Amino acid sequence: MKATKTNPGNYFEDFKFGQILKHATPRTVTVGDAAIYMSLYGPRFAVQSSDAFSKEIGYPEAPLDDLLAFHVVFGKTVPDISLNAIANLGYADGRFLVPVYPGDTISTTSEVIGLKENSNGETGTVFVRSTGRNQNGDVVLEYARWVMVRKRDKSSPAPAAVVPDLPDRVPPESLGQAVPQLNVSRYDMDLAGSPFLWGDYAVGEKIDHVDGMSLEEAEHQMATRLYQNTAKVHFNLHTESKGRFGKRIVYGGVVISLARALSFNGLGNAFHVAAINAGRHVAPCFAGDTVYAWSEVLEKAEIPGRTDVGALRTRLVATKNENCAQLPYKTADGKYADSVILDLDLWLILPRAEA
Amino acid sequence: MKATKTNPGNYFEDFKFGQILKHATPRTVTVGDAAIYMSLYGPRFAVQSSDAFSKEIGYPEAPLDDLLAFHVVFGKTVPDISLNAIANLGYADGRFLVPVYPGDTISTTSEVIGLKENSNGETGTVFVRSTGRNQNGDVVLEYARWVMVRKRDKSSPAPAAVVPDLPDRVPPESLGQAVPQLNVSRYDMDLAGSPFLWGDYAVGEKIDHVDGMSLEEAEHQMATRLYQNTAKVHFNLHTESKGRFGKRIVYGGVVISLARALSFNGLGNAFHVAAINAGRHVAPCFAGDTVYAWSEVLEKAEIPGRTDVGALRTRLVATKNENCAQLPYKTADGKYADSVILDLDLWLILPRAEA
Amino acid sequence: MKATKTNPGNYFEDFKFGQILKHATPRTVTVGDAAIYMSLYGPRFAVQSSDAFSKEIGYPEAPLDDLLAFHVVFGKTVPDISLNAIANLGYADGRFLVPVYPGDTISTTSEVIGLKENSNGETGTVFVRSTGRNQNGDVVLEYARWVMVRKRDKSSPAPAAVVPDLPDRVPPESLGQAVPQLNVSRYDMDLAGSPFLWGDYAVGEKIDHVDGMSLEEAEHQMATRLYQNTAKVHFNLHTESKGRFGKRIVYGGVVISLARALSFNGLGNAFHVAAINAGRHVAPCFAGDTVYAWSEVLEKAEIPGRTDVGALRTRLVATKNENCAQLPYKTADGKYADSVILDLDLWLILPRAEA
């Protein structure tokens, strides 16, 4: 019998290059999760909101929000990957490959794709590729993430440094796999809430999503538990009140989902997140903060073989307690503006006008 | 390409008499929504709580709460009707016509049925009739609402004034369409939680619903997002903290649902809201307030052709931070008492004792 | 017609020995309830989280959390049993007999199994056995509870005192009825999140569940309404702010569910609560408190006729605002330590290693 039956989490020296971690807990996602997701963020994309709308254009029913699936996959990795993490450094190469429907069960594995000890000998960066699969074994989504993790023992030898070669962005030719061939003639833009299709957006265009949403402790705790994410800093006022910030920290995924929901106002037909090319939580967010967002179109791409949908690469920036009328991002010295909390590089899928 | 892709909402001069607005976003309502609705308000009417109870008396399964459907329909109108509204002035002629079941998809249209510019030239009243339909095109509910909306430009010419002729109350002969023929002999009053049927109530009877329920920010935000209602005043602490009240305002529909749920204590068999004859949000409500309610029976009506159910017309009054033991309503000068926040005139359906 | 149509609740003299109370409201529990339960407490047991996992080992689908069913049954008893209660004194002989699945409808009855007036003549203890049944009439769970209830009238004569003889613990031979015969070879411990099976635990073993979870007002109100529990002290800030504690009291069941969810960390394969042998809410809990938990293994039992699962009897202790590294329980004088809020004696079911 081991000395303890509780999970201490992994420390930097516990990770081995090439190691596969099979995470607990498989999770059946349902219309219940979809409803809570809606009540927490207020997304309004018609495809995820309506079975009738989805069926009309070619889905068997309304898929779950892409980011709900992402957070569930992410949540499973926390007890094994980031329980002893100091910082969630970044995301790359995130791909949404198969729609997730109510009733699907999602399981997650992670592969250690890089390790690099920091010069202080106290921490190191762990790079993982996490993969979510449904009950049929199909990969529904995968993404690379890197986190800074504490060493258990400073004297442990450093592993051979391996930094994975991650793409700047997911190539357009691999996008849209989670979107069935759409019958665009049945895509009702009045119901969808926006008259702007893929062709209406231009590279360089910037969109202030206008609205702001304030966050409450109960909301982010409910969200984070919904994903079975166990990171202590989100839940424990007793310890966090004595910690670095004096309060609980909002799970960064809550900010991602809020910013995505706000982006409906200006990107109403961008119904699917096809890829997370890169992402960074620039600053922490707390209950009481008001989140705003804006987007810039970075790139437009046709998807080979498809005339129904096209891809927009956008930078989705979220701020707190400052609206985005001035599109806050970086200052002259290249640092993030004070109000910026999230910098996300996405591929979004939109319908194209019929030829 | 337009200058902006975000929705600025309509201003008074954007509305035309007779205009039909087709609102985004169609919304499939599910057992997930039903569960959140229960967790937010705590209704206890057996018909909406139990498939087994509902089937026993003649429903195919438990219908969703009438007011959940109402709020979903209402929520869709906000981006087009009331984004630039100053005040939600009133409701009339609300009819619940077809039950809404889990899995149904609700869409909403509104017709402009009246316009009247105010003498200040800065605002005007817009009257709309909003109609919610299910995926089969059946009208599940409809209601008239009027709101005071800002003009974009004070110099815009005033439209011809049209004030619709709205009924004082929905006529009894049109009530109960959303209730199947009930097998009242199988209606179990112990399970329903009240021994009082339609015949047990008398016109003039007043019922203090006794209990009070306090509201939290997270609760009203979750409720309002669940309905995809985007009115800014409910969500943005950053701007509202500098606004008129210094804080977020609770969506009036939250108060309606709380008062209705509280009314179970005294009206436990009034399982269906058949009509909203009239309604007014008398004063705003904020997180931290405690809501109480009382009812007065205004009228009793048989429904032509039906002996299973009868209709009670009630005034449902909600107060804040004062219990309803003294039945607070209006003062001698005809003004609402300070604690009153909601004045609602409803038709409720109750089973009748068997002959 | 009665003088009032509202429910005043029962007072001590209203209860008769042997009386059966049939409670309102039957409640269909769904995947919506399961999702809210997860968002409120964050349980991670694989059986309740995953249809795929459950099917693999022998369930037809994922059952609902045992304690969700318990709280729904409990909630129904409140308007009839404990609306005028001063204290919820204890639980015993709780048995979980049939799994509850999404779509099941739960109804509750209670039998008065004991009555004992207190010497002050103002209150008395009411002992009830409450029984939850599904739509087929199967008893899904039952438990004894005793509460201190006010007398309406001090001069009412005391009933003959009857104190029921309740077992110290449910006998092992009656455990596990709600668990189908499991195919343990298909029980994946990686997915379940713990390598420790029934055989790995020893009597006397103590487990600090490490994590803490802070409670918000919105969370406990949403939980308590989800169970249609109407006890006023949980919801009414207006009256409670002038009451004994100056604030709303968290429903004790919320603490039970939080402690159970926290216990995953150390008891990850204890997927089923088979019995509540005894239980006591030692001290009240309030919003802002952080709940911790620890367990002690009190007894190990084989279940006659079964080699797939075994039973662990554990004491589950919850504390507030003090972590459980020191396993706080009772002080030298036999009183509970200041931080202890819950003392629960459970039978848990775990898979056994294959022979």
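Quick notes on this one:
Per-chain numbering from 1; labels A, B and C assigned in written order.
Basically, a residue touches a chain if its C-beta (ideal position, glycine included) is under 8 Å from a C-beta of that chain, and two chains touch if they have at least 3 such contacts.
Everything quoted here is computed from the prediction, not taken from an experiment.
In the contact between chain A and chain B, the residue numbers used by both copies make up under half of all numbers at that interface.
Superposing the C-alpha atoms of chain B onto those of chain C requires a rotation of 120 degrees, given to the nearest 5. Inter-chain spacing, taken between the CA centroids of chain A and chain B, is 36 Å. Along chain B, residues 30-33, 35-36, 216-219, 222 each make contact with two or more other chains. Residue ranges of chain A in contact with chain C, taken from their complex: 1, 4-7, 22-28, 30-33, 35-36, 79, 102-103, 105, 107, 135, 216-219, 221-226, 228, 230, 232, 235-239, 248. Those residues of chain C lying in contact with chain A across their complex are 30-36, 38-42, 44-46, 49-53, 62, 190-194, 196, 200-202, 207-214, 216-219, 222, 265-268, 288, 290, 321, 323.
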